[in-house]
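Next come the structures, one after another.
Each of the next two complexes has chain A plus one other chain: chain B in the first, chain C in the second.
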Partner chain A sequence: MKFWETLYAIDRRVLYAILIVLAAWQVLKPITVPNVVLPMSQSMFDKVNTLKEGSLVLVESDWTTSTGGESRGQFKALVRHLIRRRVKFIITSIDPLAPGIARIHVEEVLKEEPTDVARYAHGTDWAVAGYFPNAENHVLSMVTNVAKTLGTKGITDMPIMKGIKDLSDFEAVILVTGSSSINVWYERIRGKAPVGLMCTAVMAGENIPYYASGQLFGMVIGAKGAFDYEDLLNTAYPDEKFVNYQSGRRYMSPLFFALVLLIVSVIVGNVAMVVLRKRGVQQ
Partner chain B sequence: MIGFLAQLQPNNVLTPDWWRGDQGYPTYDWQIMHPAIGVAIAAFLTLGLYSLLYKENRFYRFVEHIFVGLAAGYSIYAIWAEVLYPQWWKPMVGHAAQGGMPIEIGHWAWAALLPVGFLAFFVFSTTNAWLSRIPIGIIIGLWSGQQLGAFYDRYLPQIADTARPIFPNSWTLVDRNAPPGVLAAPQALNNLILVITFIVVLSYFLYSFEQKSRLVQKSAVAGRWLLMVGFGVIFGTTMMTRFVLFIDRAYFVLIEWLKLGPPN
Partner chain C sequence: MNWLIAQAEPPGTGFWGIEPSSQLVWFIVITLVVTTLLLFAISRVPSNLRKPISVGITFLAGMFYVLEWLIPRSRSAAGDQAAYLGPINFEEVVPIVSSISQVLTGMLLALGVLSIFRVHFGRVFKMQQDWFFSGVLLVSLFLMVFLGLASFAGDEQVKRQQAGVDAALRGPAPAMTPETREFAETGIDLQATQLFESRRAPPLRLYQQRKMTQEQFGQEIAAAEAEVATLRTTLTASLEGAATAGTLTPEVAELAKQGIAAAKERKPLVQGFSLLFERGLLAMDAAMFSLIGFFILSAAYRAFRIRSIEASILMATALVVLLMFVPIALMLTSGLDPDSFQGNFRIDSVGMWLLSTINVPAIRAIDLGLGLGLLAMALRIMLGLEKGVAAD
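The block that comes next holds the complex of A and B.
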């Protein structure tokens, strides 16, 4: 009886300690985890892969360090892909901290890419438009008058803005987000540009129906999605001069062990509960 | 200290202008200290936040207050520097002709927004709190006016998507390159599950009348179970997000700070 009672009421700090040990071990010595790319990740990659050289994409980067574990890998893989395809991109955000973080990570990617690929100038090939408060107003103004909206951010005179009159001048809008900012795009995009989503795992359940209904052309979900995208990049750009794998693959094995711990804990706790209930022990 | 020393690599030394940005465009200039010091402080604060896992403590509270204070302070700065100053203040005050730039007349009507906005602070007044409802009412009015279109664009494609074919016309496995009009058996089964789920979950929310029919009762029970499956998925994915957040911090402390292993 004592055994089952102990299992039923394991101190949460013991579980935290096991989690810390497992995560630390796998961060330092990660094992290779096999991967099967999800169709929705493949759709996102395929869309970006078909964009013509010189075309323009709007990247709405609404993530900060709080979701960096998932969003950083997604964002860097996307930027890597856009740069290799010579697709131009403008970054906007509804989070005051996000534009600075996006800029830092684009610069990181440019340093990691081979020198012949990384000739990407700010203002000509990419630009950070900055922070726009209030998601509703931001998206509405982007849909109704994108040139004027982006013009408030001092990037009007940059070459990348040449010829932009309407949101339909963008080949795609891709959100990298850890918040519900995507909802406003569903509501206000009015079919002006196809929308893709890179989101945290916790947002997956809510947003997969939008992928199924065709409102999203692709979805990259959590660290698994980042791993998918890195895998796809590695298949498309196998040359050793390219850096394809980063946090997406690196975080998979610690995540695998953490999820095993979670599943084992749930099973053990429930079995102990059933056993104690059958024996009439008050819980 | 070990982490700080680990950061001091030969290519990462202190120089007189290490804090300056070297980019050719405006930066946030947020990095006001040497990276090694910044990383050490960030690692120290990370450990402080996770000390909550052991128990509630003052160290955690201290770090939490720093985090909230920094985020709030930076947000106020960003709202002024990126929104209010370029979009409200500059057009309002205009500027004199200087440096080749023509004179720009100020649009002082924008000043009328300031007292309206300040009315929101009357929410702290016990006697005049009603004044705060004026700016809130304006915002809600603007928001409400857009909701019909928003609902249409967001949910109608969802409703239309629930009307799916459920009878297959091909007995092959799912082929992503199949021509339009071909419905493979596995996809038809998938569609059938979606349609049944949609109907039974919707029946669970029939609160307008008493559910006397046994069919409706059983459908509602099935709907409740399927909702539980959905909540289980949300719980699982929430755990994945939280785990990755922790793994990311572990990577930061062990690899980026203490340099105990190779980076990615």
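The block that comes next holds the complex of A and C.
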């Protein structure tokens, strides 16, 4: 009886300790896990893969290190893909920390890419427009008059903005976010550009309706989505000179073990509850 | 509405079309003075007039966005979109109102910082309980502001210096200065380092994956070093040639511009900012969020108990959707052909069905209810019916 009572109410510190051990083990010595790519990740990849060389994409990067476990892998994989397709991109953000983080990661990718691919100059091929407080106004302003809005950050004078007068001149708007900033884009975009979303796993449920309705051309969800995108990159660019796998695959095995622990602990708790109930123990 | 649609031609540049960039400083100063006077005037208004004023402003602000949404759009002769209400083109006004709104958000941020400063400075000054932590907060706050501004000033200096190099290059007799030479040498160092890092990365990756022997790796590194030496020799020869002739060449100018940017990164204040932001703030941000993993585990263990049929359904669906995001779990059923009947029982198929067939209508219903609630709330706020919003 004592055994089942212990399993029914495991001390949370024991669960924490097991989680620390499992996560630390897999962070230090990760196993390579196989993958099955989800259809929404495939849609996102396919769309980016059809963008023409020299076209322009708006990347709204609203993630910080708090959701970096999921968003970092997504963002870096996306930037890698854009660079390899020679697609230009401008980064905006509604989080004050995010532009600095985005810049760091784009520069990291540029260092990791082969030298013949990574000739990407800030201002000509990519640009960070910076922080725009107030999401509602930022999006409305971008949709209404993109040149003037980006002009407040000095982007308009850069070569990357040559010929860009309206948001419809962007081939796509892709959000990498851990917040609800996507809702404002749904409300305000007016169909001026196709929208894609890279979000955290907890945001999947509330955004699936927009993917189902076709308002999102693709969705990359959580660390699994990052792994999917890296897998797709690896299929498209198999050459050894390319860095395709990074945090997306690397974080998969710690995540897998953490989720297994969660599922096992839920099952154990329920089995213990059923056993104790059958034996008439007051819970 | 047709008369609105018909107004496709812009009626000329009005107040909203003025670009403030040429007199930006004056623009900021005048804005600050006017705002201060306005705030002072509002504080002096009799209390019985405060509510009508704040409700009036709220109503106008709300109506602006309602009109912006409702006014039909047309194309001007130049092909630009236009949405005219009399002489006002909302397409031009929106970015300006947006900028005003962003300034207001900035002021709110400043108010927040001021409030934090008042609370914690008071605590430190009076040596109240936990005053030490308040002290740490204040020191961190000011250090980040100071180093952030220093980094920003460094960026501006880089822009000025790079513009100076460009201007010198465009001049009638582009002369090579000792300062330009120094920056160009830094630029050569930077290019050499970047080339070495990019050449070393692929073999290092293969070596770490045990796909390359130590000897092969050593050969790759030696080849990379030789390539870097060649690059350094070529660039140095180019620089020496320009220095001897005393003429600034486009190649040397490009090196100098890279050197200017690299020199900025080496400044102690900029490195201090990098240390605080990248190594401090971002790491702590990640650490704070990662704690949620522990709470989720503990909460799921305690809360997911099958005490009713509803709880059982909830747990079963949650487990399937969880498994959908676990690659190894997906592999269990990946052998089933997705186009066959059995394919419906793949974990990803069941998960997608749950998300798109069960979840979607539920979320749509919630969103619809939420939207109607928001509409009612917005009307109440705009009309001043909501208590606690206007100055009661």
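As a convention for this text, the second predicted complex is superposed on the first by the 283 of 283 C-alpha atoms of A that agree within 3 Å, B and C clash if a C-alpha of one lies under 4 Å from a C-alpha of the other, contacts with A are read in each partner's own complex, and residues count from 1 in each chain.
Everything below uses one rule, namely that a contact is a pair of C-beta atoms (placed from the backbone, for glycine too) under 8 Å apart; a residue touches a chain by one contact, two chains touch by 3 or more.
Source: prediction; values computed, not measured.
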Chain A as common anchor, with chain B and chain C clashing or fitting: clash
Which superposed partner A:204 touches (first chain B, second chain C, both, neither): both
Touched partner set for A:262, first chain B, second chain C, both or neither: both
First (chain B), second (chain C), both or neither touched by A:16: both
Which superposed partner A:159 touches (first chain B, second chain C, both, neither): neither
Partner chain(s) touched by A:54 [first = chain B, second = chain C, both, neither]: neither
Touching partner for A:68 - first (chain B), second (chain C), both, neither: both
First, second, both or neither for A:133, with chain B first and chain C second: both
Contacts of A:250 with chain B and chain C, given as first, second, both or neither: first
Colliding region between chain C and chain B, picked from 6-14, 24-32, 150-158 or 204-212 after the shared-chain fit: 24-32
Chain A positions touched by chain B in one structure and by chain C in the second: 16, 19, 23, 39, 66-69, 97, 100, 132-133, 140, 152, 201, 204-206, 209, 212, 221-224, 255, 258-259, 262
Residue numbers on chain B that touch chain A, as the complex places them: 23-28, 30, 53-54, 71, 74-75, 78-79, 82-83, 86-87, 143, 146, 149-151, 153-154, 157-158, 160-161, 176, 230, 233-234, 237-241, 243-251, 254-255, 260-261, 264
Residue ranges of chain A in contact with chain C within the complex: 10, 12, 15-16, 19, 23, 33-36, 38-39, 64-69, 97, 100-101, 104, 111-112, 114-115, 118, 132-134, 137-138, 140-141, 144-145, 148-149, 152, 165-166, 201, 204-206, 208-209, 212, 221-224, 227, 240-241, 243, 252, 255-256, 258-263, 265-266, 269-270, 273-274
Partner chain B, residues of chain A touching it in the complex: 13, 16, 19-20, 23-24, 27-29, 39, 66-70, 72, 96-97, 99-100, 103, 107, 122-123, 130-133, 136, 140, 152-154, 183, 186-190, 200-206, 209-210, 212-215, 221-224, 245-247, 249-251, 254-255, 258-259, 262
Footprint of chain A on chain C - complex, ascending: 65, 68, 80-81, 90-92, 94-95, 97-99, 101-102, 105-106, 109, 194-195, 197-199, 201-202, 205-206, 277-278, 281-283, 285-286, 288-290, 293-294, 296-298, 300-302, 304-306, 315, 319, 322-328, 330-331, 334, 348, 352, 355-356, 359-360, 363-364, 367
